[in-house]
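The two complexes that follow have chain A in common; it is paired with chain B in the first and with chain C in the second.
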Partner chain A sequence: MSTVYNLKREVEKPARFTGGHRLCAGCGAGIVVSGVLRALDNEDRAVVVNATSCLEVSTFMYPYTAYMDSYIHSAFENSAATCSGVEAAYHALKRRGKVEGTVKFITFGGDGGTYDIGFQSLSGAMERGHDMVYVCYDNEAYMNTGIQRSSSTPHFARTTTTPVGSVGQGKKQNKKDLTEILVAHNIPYAAQAAPIGNFKDLHTKSYKAIYTEGPCFLNVLSPCPRGWDYPTEKLAEIARLAVDTCVWPLYEVEEGVWRLTYIPKKKLPVEDFLRPQGRFRHMFEKGNEWMLEEAQAYVDQKWERLLERTGA
Partner chain B sequence: MIYAKDINERTPWQELTPGGEIYEPGTARLFNTGTWRTNTPVFHEAACKHCMLCVPFCPDNAIPVQDGKRLDFDFMHCKGCGICENVCPFQAITMVSGGAPNE
Partner chain C sequence: MLCTVVCQMSRSDPKLALSQEVIVCPARVFLLELIPLDAKNVASAATIAPKGLSPETSRVTLARWHLKNANNVTCVSIVAPTLHWRCVTMTRSRFLQGNEACALGGIAAGALFFAGYPISPATEIAELCSNLLPPKGGIYIQMEDELASLAAVVGASLSGMKAFTATSGPGFSLMQENIGFAIMSEVPCVIVNVQRFGLGTGIATQPGQSDVMAARWGTHGDHSIIALVPASVQECFDLTIEAFNLAERFRSPVVVLIDAIIAHLRETVRIPEQVNKIERIRPSGPIEGFQPYAPEENLVPVLPNYGDEYILRVTGLVHDQYGYSSANPDVGGQLVGRLIDKIELYSHELPEPEYTGPEDPDVVVISYGISARSALSAAQRGGRQGLSIGVLKLKTIWPFPEQAVTRTCARASLVVVVEMNKGQVLREVKAAGITRAIGLNRTDIRVIMPGEIISFVKERCSCAGS
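Our next item is the complex of A and B:
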C-alpha cells in the first residue's frame, strides 16, 4: 500500500476469504477476517493460523476451506505458539534459500481464545519476537459454545453463564483491557480497530500490523447478532455506536507511542450503544439507572486516561 | 488426489485425502449457503453509484466487483443478513421477504 487508501481499489483485489463458510448470517467475524486479509499485497502469500472459535468451526470444515491461503488449526490454547513455530520454520528455510516469495503469518482468535485460553501462548509468542500478527476478533463472549461469559464480556452484559434474574444482573466484572496488556509487551505495533465506514481504519491498521517486522497485535471489535441480541442488519450501526460512545476507542501504539486514530465529533452517551442490544436490556428497567451511571463512569474514566496517554 | 467437489457423505475413508488435509484453496465456494436466506436483497442497478461501501460489510463475500462496478449479488452465498441495505447511502439495495432472488 504505497499510495493512500482507496476502497474501490481494495475491493477489486481477488478475495482471500470466500463465501460458502458456515458463519451465521450477519456475523462480524467474516467481515473482520475479510477486512484484515484484504490488506495483504496481491503477490504475497499468507499462513492463516486459527484458534478454536466460531471462525474455525465455520470456515474450515472438511473438505471445505474459506481461505485462499494456507490454513492451520491445532487447538484453543496454542494458536500463537503454532503460528510462531510455522514462522520460525519458514525463516529457517528462507535463510537456506529453500522458499521463494514473501509469506506473512496471521493468527485469528476469538476473545475466548485470546483473552482467556490462548493468553499464555500469545504472551509467549509476542515476547519471543516472531514476525507475525495476532488478530483478536472480539465478540465479547464464547459465542461458539452458546454465549458464555469471557474475560472480555463487558460489565452487566447478559450471557448464559451470567444470566439476569433475581440473583444476578449480568456479568459482575469489567472487561479486561487486553490491548493495553499487549502494549505492555513492548511490541512494535498494537492497535484497536473496528469495521466502520469505508474500512480505512481496519485496513490501514491491518496493513501496518502485517508489514511491520516483529510481533504485532490487532484487537478488532466483531459484533455478534446472536450473542449481543440485535437484528443482523444493524451491524454497521452497532460498530459505529461503539466507537462514537468511546466504549471501543480506536487507537494504535507504534513503538511505544500512543495515538488516537479516531475522535468522535460528539461523544455519545453510552446508553446509545447499550440500548439496541438485548444483552443490556435489563439496564433500562426502572430501578437500574445506577447500572447506566456506572457503565458511563467506567467508559469516561478509561477515555480520559486514553486521552492523557495519547496527548490528544 | 480426490477433489473437494467429489467428496460427499458416501465417499469411503480410504479415498479421502491423508490426514484430512485440503489441497485446494477456497473450496467453501462450492457450498451453497444461499438456502439459508429468509430475506433476500434486491439490487437496483440504476440507483447504485458504485461507491463500494457495501462490499467490505458483506460477511459472505457475496457482492462481486468487476472493472470498478459492483455486480448483482452472488445468491449462492448471500445469507440475507441485510447489512448491505443498511450501509447503502443511495437506497440501491432493498430487502424483500423470502429466500428466492426475485429476478
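Our next item is the complex of A and C:
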C-alpha cells in the first residue's frame, strides 16, 4: 500500500468483489465487502469465508458468484471455525513448502452470524490466534429471514420480533458491544469502521487487519434500507449520521492501544440519526420523549468512556 | 345486541393469571381469555352491566362490554374489579397460513412460552408468537441460536410452562443434542420443524420432506420419539395441539414435521370453541424421600416443577429414580428400556393414519404432508379413470404405525409410498413387512403432482383400469 490513500487509484484496481450481485439497492453490505477486499494487494490471493447471511444468499447464487477469490459458505454458526481449519492447514502446508504465494483469509458474517449464533466460533478462533480477519457487517438485525431482532439491535428499534404496540416498544435491551468483547480477546488488531466519505477509514482499517499477523477483527456498520426503513439513496447519509452522533464511533485498538480514528467536529444529537429511520418512528410520538432521552444518555455515556480509553 | 350470558366461572382461584373461559349466548359461543388487569384498564372501564347478568350471579362485577362486527368477528371485553376478560377473536373459522395455524395451535393448547431463532421457512411462527404471547402474559424469547432455543424451552417446561420452539433443517440439526436431553430427562416440549429442501443449508425457501429420519434418529443413543405430520393448515392447528397433549401425556418431546408448502399454504381453519387439553399431572405425597423419576403404571413418572416444594434434580446422565446420576448397568439398562417402552407400548394412543378410498383397493398410496394432498387428489381423479386407489395418510410418523400400514396394504397388489425424499418412509413400510412397496420420490424441491402419481400407478399396475 502506498502511504497516501487515493480512492481513484483504489477503485482502478481489479475488482475482487464484482457488481451484479443481488443485494438490495441502498444496502451497506456490498459496499463494506468491496471496501474490505479492495484493501488486498493485487498479487495476493484470498479465501473468503462467509456465514449464512443476506450477503451469502445474494452474492453466491449458483451458478453466479460476486467473488473473484476462492469462497466457502459452510453454515450459520461456524464461519470462524471453518476459517480456522482452512488457515491452519494452509500454514501447515506452507511450512512444508507445499504451497506458494500469499493467501489471506477473510471471514464475513452479519451481526446474527457474529454477535449471536457464530459468537462461540468467533471467540474460539480469535483466542487460538489464527492468522485471519473476521469482518462483521453489522446491520443490527436478522435481515435475511425478514428483520428479527439480534443482540446487535439497538434499544427501542422495531423488528418483527420486537414489535411496537400496547405491550412492547421495540427492543428492550441495549446493543451488545461486540467490538469491546473482541478487544478483550487481546488480539493484535480490532477496529470499528463504517462506509463513509471516501472509504479511507474502511480501507485503512481493512489493510491493517489483513496484513497484521494473527487474528484481527473489524466491526463495520452496514445500514439496511429494509430493516432500518430508510430511502435507499440515504445510505451514505445514515452511515455518516451514525458516526457524527457517536452512535457508532470509529476507533481501533492496536496491540492494546485504543485510538479514536474520527472525532466529529460537532457531536450531533442522537435524534438526527434516529429520525430518518422507520424502525425508530415510535420514539418520536408524543409521550415517548423519555426514549430519546434514554438513547441520548446511553450514547453519551459510551462516548465518554471511549474518550477516556483513547485519551482523546 | 342483546345477549344472555352464562359465565362458567367455576374456577377455584379467580386470580389465576391466565386461563380461558367459555361464555355461551344465544347467538354464538365466545371464548374468553383472561388477562392480567392493570390500573389503566380499570380506569377506562364504564360501569354498565350487560342485561341478564347481575354481579351476584356472575360473582364478578362486569364493567365494560363491547360487541363489534356482530356477524363474524366479535370482540368482547369485560373488566371486573380483579380480572380483565377479553375475547380476542370469535370466528368459527379463519383463513390462515400453516405456520400461523401452528403458532395458534400451540397457544390454544396452553403454550405460553416460545423460545426460538429465526430461520426460513419457519420464521412466521416466531414472529407471530412474539406478537401474541406478551399480551397474554406469555414469554417470547429470541435466543442466540437453536441450541439455546431448545435448551430454554426445556428449562421453561421444567419450570412448569408448556413450551415450544420452531425451526427448519439446519436448526433442527443443532437441536439434536437437546432433543436427546429432553427425552432422557423426560421433559414435555414441542419442536416444530418446517422442513426445507436438502441437506446442509439446502434451499432455504423451498420444501422438502427429508427430515423424517433426522426426527427419528437425529439424536444419538437408543430412544423412541413421537413425531406428527400435518397435511393441511387445519392439521397444523390440530396436530400442534395434539403434540402438546402427547408431550404432557408421555412426558417426552414431540416433533411436528411440517413441510414448507403446508407451512406457507393458506386454507380455512376451523377453530373450535374448546380444545381438548391435557394438563400436566403434578405429584402429591410426602416431600421426604420423594422419587421424581419413579414411573407410574404407564411407565411415565410424575415430575414436580421447579418452584414446587419438591426438590427436582435433572440430568442428562443416566439417573436413578431420585434423579441422581448413576453408572450402574442395571439402572442404565432399565432407564433406556423404560424410555422406549413408555412410548412404544402405548403407541395406539397416537393419532391413527387416515384411510380414504375403496374398501378393497388395487393400489394403496401411503403418504404424508403435502404429498398426501396430491395422493388424495390423484386417488379421486384416478377413480374417475377406473383406477382403484386408496390413500393412507399418516398423521403419526414416529413411532411408525406399522399395524395400520400392514392392515391397509394386506390385499393391495400395488403399494406406492409417495414422499419428497429418497425413500425414508418407504424403508419403514418395507420393514413393516410390505416388501413389495415401491417409492415415488422426488428430491428436487418440486411437489409431487397428482398427475405424476396417476401415471406412476398406471405404468406399474396391471390392474389399471381401461
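In this section, the second predicted complex is superposed on the first by the 311 of 312 C-alpha atoms of A that agree within 3 Å, B and C clash if a C-alpha of one lies under 4 Å from a C-alpha of the other, contacts with A are read in each partner's own complex, and residues count from 1 in each chain.
Everything below uses one rule, namely that contacts are C-beta pairs under 8 Å (C-beta built on N, C-alpha and C of every residue); 3 or more make two chains touch, one makes a residue touch a chain.
What you see is a predicted model; the values in this text were computed from it and never measured.
Peer 1: Touch check for A:Thr212: first (chain B), second (chain C), both, or neither?
Peer 2: neither
Peer 1: Could you say whether A:Thr160 touches chain B, chain C, both of them, or neither, answering first, second, both or neither?
Peer 2: A:Thr160: touches chain C, not chain B.
Peer 1: I'd like to know which partner A:Thr145 touches here: chain B for first, chain C for second, both or neither.
Peer 2: Only chain C; A:Thr145 stays clear of chain B.
Peer 1: In the superposed arrangement, which partner chain does A:Gly168 touch: chain B (first), chain C (second), both, or neither?
Peer 2: second
Peer 1: Just to be sure I read the superposition right, which of the two partners does A:Asn288 touch: chain B = first, chain C = second, or both, or neither?
Peer 2: It touches nothing on chain B or chain C.
Peer 1: After the superposition on A, what does A:Tyr64 contact: first (chain B), second (chain C), both or neither?
Peer 2: First partner only.
Peer 1: Would you check which partner chain A:Cys27 touches, where first means chain B only, second means chain C only, and both and neither mean what they say?
Peer 2: first
Peer 1: Who touches more of chain A, chain B or chain C?
Peer 2: B
Peer 1: Could you look at A:Thr18 and tell me whether it touches chain B, chain C, both or neither (first, second, both, neither)?
Peer 2: So A:Thr18 only meets chain B here.
Peer 1: Which part of chain A faces chain B closely enough to touch in the complex?
Peer 2: Per the stated touch rule, the residues are 7-8, 10-12, 15, 17-31, 34-35, 38, 59-60, 62-69, 71, 195, 197-199, 225, 231-237.
Peer 1: Write out the stretch or stretches of chain A touching chain C in their complex.
Peer 2: 52, 57, 73, 75-77, 112, 115-117, 119, 142, 144-146, 148-149, 151, 160-163, 165-168
Peer 1: Can you list the chain B residues touching chain A in their complex?
Peer 2: Residue positions touching the partner: 4, 7, 16-17, 20, 22, 24-33, 36-37, 50-53, 55-62, 65-66, 68, 74, 76-83, 85-87, 95.
Peer 1: Spell out the residues on chain C that touch chain A in their complex, using ranges where they run on.
Peer 2: Contact set of chain C toward chain A: 117-120, 123, 126-127, 130-131, 134-135, 140, 142, 144-146, 170, 174, 200-201, 204.
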